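The structures considered in this document are given below.
First chain A sits with chain B, and in the next complex the same chain sits with chain C.
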Partner chain A sequence: MQSFSGRLFVITLGALLLPSHAQAHAALITLGPVEAIEIHAGYDTGEAMRGAQIVVYAPDNPAQPWLTGTADDSGRFVFVPDGTPGRWAVQAREAGHGAMSYFIVEGGETTALLPAPAQYDPLQRLVMLASIVWGAIGTALYFRRPRQRERA
Partner chain B sequence: MFGRILKAAFFSTALASTAAAGELSIFANGEELATEGFLAPELTRDGWQLNFSNVFVTLSGITAIQAEPPYDAEAGGEPATSVSAGLDPAAPLTIDLTETDEDGRVLLGSIAASAGHHNAISWSVVPATEGEWAGQSMVFVGTATRDGQSVDFTLTSPDRHAYVCGEYVGDERKGFLVEGGEADLEITFHLDHIFGRADVDLDDPMNIDAIGFDPFAAGGTHAIDLSGLHIGHVGEGHCAVVFG
Partner chain C sequence: MHIPDGILPVGLAISGWIATGGLVALSVKRIESRPDPRAGIPRAAMMTAVFFAASLIHIPVPPTSVHLMLSGLMGAMLGWYAIPAIAIGLFLQAVMFGHGGLTTLGVNGIILGLPALAAFALPRQANRTGSALVQSAAGFAAGAGAILFAVALFTTILLAGLPAHLDADAERVAILTLAVAHLPLALAEGLVVAAVLGFLRRVSPELAHAS
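Now for the complex of A and B:
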């Protein structure tokens, strides 16, 4: 919604001030930090879960996927939850092994619920784990301030 | 047959600590490695094709749990149980993982349980107390084939393993039970942790730990030591396991 409002505003201005280019195809990008969830999926041998299947479940419909995706070659996957309060779940699977992790969104705060990295048993090989790092990581996703780079 | 006799005895007793709201069914699954066997390319790590006529497992203490916070199987220990419901713990249940429903699963029982998310489960593999394989907790009966040589085998294990698992990990989340509704849970046995897999790197930790089939290549009846092997899972999710 934020991006839609910003884009609409810019197009309206263009129509008023630049009549000769009223059909504006201006590409506009604005940047701003958002709080994102970063997942590192791997085995407790230290091996990354390359290309792991990631499924995110939101608290208001926990039996249905809210988001699906694929981790990169380092087992990393980043997403931005929509702020729905409650317990979120994240599942990572690869080659017949998988795990669930959880975090809580409440009052604008995000808290990792499971697992705690210090609790891993390094002797348990083949056991997969997924860890979650959260915080403002400077992911630039949303339109905010227009800047014209090109006019058609 | 041994498995069927005991199966009739365990249809469930509810132990829910709060009023029952719905029906929770618990299944066991040995996956296609149990029902179809170890077929190429999924041969054992040492190249044997295995076809099972029976894979007997005796279970007890099967308990569905609503854990708060969610159980961390990597950390181990006991789950923080808010609500639990179990099959009759006094009656060990022997099942045959090759005798499944159309979904490849064996129904262990259906129990009355409280509404909520049953996000953990515990059970034990224990020696059978009666029947043809009394004293054994897992028994594998079948035929192994490699390089044109086939041998009939029976592998027996009296090992006890106790599992505590977190949430099921698979194509869908399981265990959400609403008032008047139905839900299911599944415990999953990964037989490749015993015999290994030829289509997986030999230096994969699973193959390093697996026994393979070469020790039993002569055929006949052998004891098999399953201690230390992580056979029990919840779908693809791992469990905390204690042997002995």
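Now for the complex of A and C:
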């Protein structure tokens, strides 16, 4: 659900604003790479969470959102954290569905905390489903037992 | 229709647990008062497996997709047994596939449990009339009504717990879109419940009325 883009270029525009009378203005552009967080919000069916609402919580205030925004049609959202050290939380939600993910900023380094979003392949799902069905059959047979004994 | 962890405020999640806990306790009491409480367990166990698997079956309803719920079928087939069966099914769905969540297990139990009980009561009343057409219509209404009831509960709970920092309008539109996408599912599950109850009445009337 969450991955990191390598670098994102941010353009800052600065203009010399001089008081009073007209003068020639020189526009300055500085380019610099920054580390950004890229979120891909989607469902386990493979569908993207189109237009999902994204809420980012900084480590120093987990109760108040640091940033809110909206994912694009592919469920993608990019933002640049301000470097506050600690565990950041990112939530994506849409119509009552959603998930939370985390990353850690420490000493200028950003590490993704992967809470292992359940991504099972069809075979794994089948085995999990079969185990539950088998458990149900076992339960059903267990509770049928006394009745069969009475009949016998 | 499974609300995951982290979506609802803590107060709502705790209220959900209390409400579902009360509902399960009431159901167990009603089951215990039956002449043979164990008799319904094999069917409840098998239906729990069906309910668990149903959430994995997704039906695309553009622009979104919905999954089978079967709370109407659970209620119509199991009666009071449906409540513990749904609670166990929801727990397994949350821990194995991350559908729903543990903090929201109570709220989800109410969203699916109350419609199941309504779906239990309706065909039982209709069975007393004896008319096959009325019974089929009651089966359909039980299945379809359970979905509509669940959607209404889901929508109400979500809107009640909408945090202030969200874009409320965008979330309302998303919730409404999802609710409308459940209309075809209501139709399909209504037909399923009517068909299953009709089949049981033909092959084994005592099974159809066992719950």
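Methods note: the second predicted complex is superposed on the first by the 87 of 152 C-alpha atoms of A that agree within 3 Å, B and C clash if a C-alpha of one lies under 4 Å from a C-alpha of the other, contacts with A are read in each partner's own complex, and residues count from 1 in each chain.
Just so it is clear, a residue touches a chain if its C-beta (ideal position, glycine included) is under 8 Å from a C-beta of that chain, and two chains touch if they have at least 3 such contacts.
Please read all numbers here as calculations on a predicted model, not as lab measurements.
In the superposition on chain A, no contact is made by A:29 with either chain B or chain C.
Taking chain B and chain C in turn and counting the residues of chain A each one touches, the greater count comes from C. Look at A:100: by the touch rule set out above, it reaches both chain B and chain C. Applying the stated contact rule after C-alpha superposition, one finds that A:113 touches chain B and leaves chain C untouched. Using the contact criterion defined above for the overlaid structures, shared-chain residue A:70 touches chain C, although it does not reach chain B.
Look at A:91: by the touch rule set out above, it reaches both chain B and chain C. In the superposed model, A:62 makes contact with chain B only, not with chain C. By the touch criterion stated above, A:45 is placed in contact with chain B and with chain C alike. Comparing the two interfaces of chain A, the one with chain B and the one with chain C have residues 43-45, 91, 93, 96-100, 120, 125, 128-129 in common. Interface of chain B with chain A (complex): residues 69-70, 72-76, 117, 166-167, 169-170, 172-173, 176, 190, 204-206, 208-209, 230, 235-238. Interface residues of chain A facing chain B in the complex, by the touch rule stated above, are 43-45, 57, 62-63, 89, 91, 93, 96-100, 102, 113-116, 119-121, 124-129.
Remark: chain A residues 43-45, 47, 50-51, 53, 55, 64-65, 68, 70, 91, 93-100, 117-118, 120, 125, 128-129, 132-133, 135-137, 139-141, 143-144, 146-147 touch chain C in the complex. Residues 3-7, 38-39, 41-43, 45-46, 48-49, 52-53, 56, 58, 63-65, 92, 96-98, 154, 158, 165-167, 170-171, 174-175, 177-178 of chain C are the ones touching chain A in the complex.
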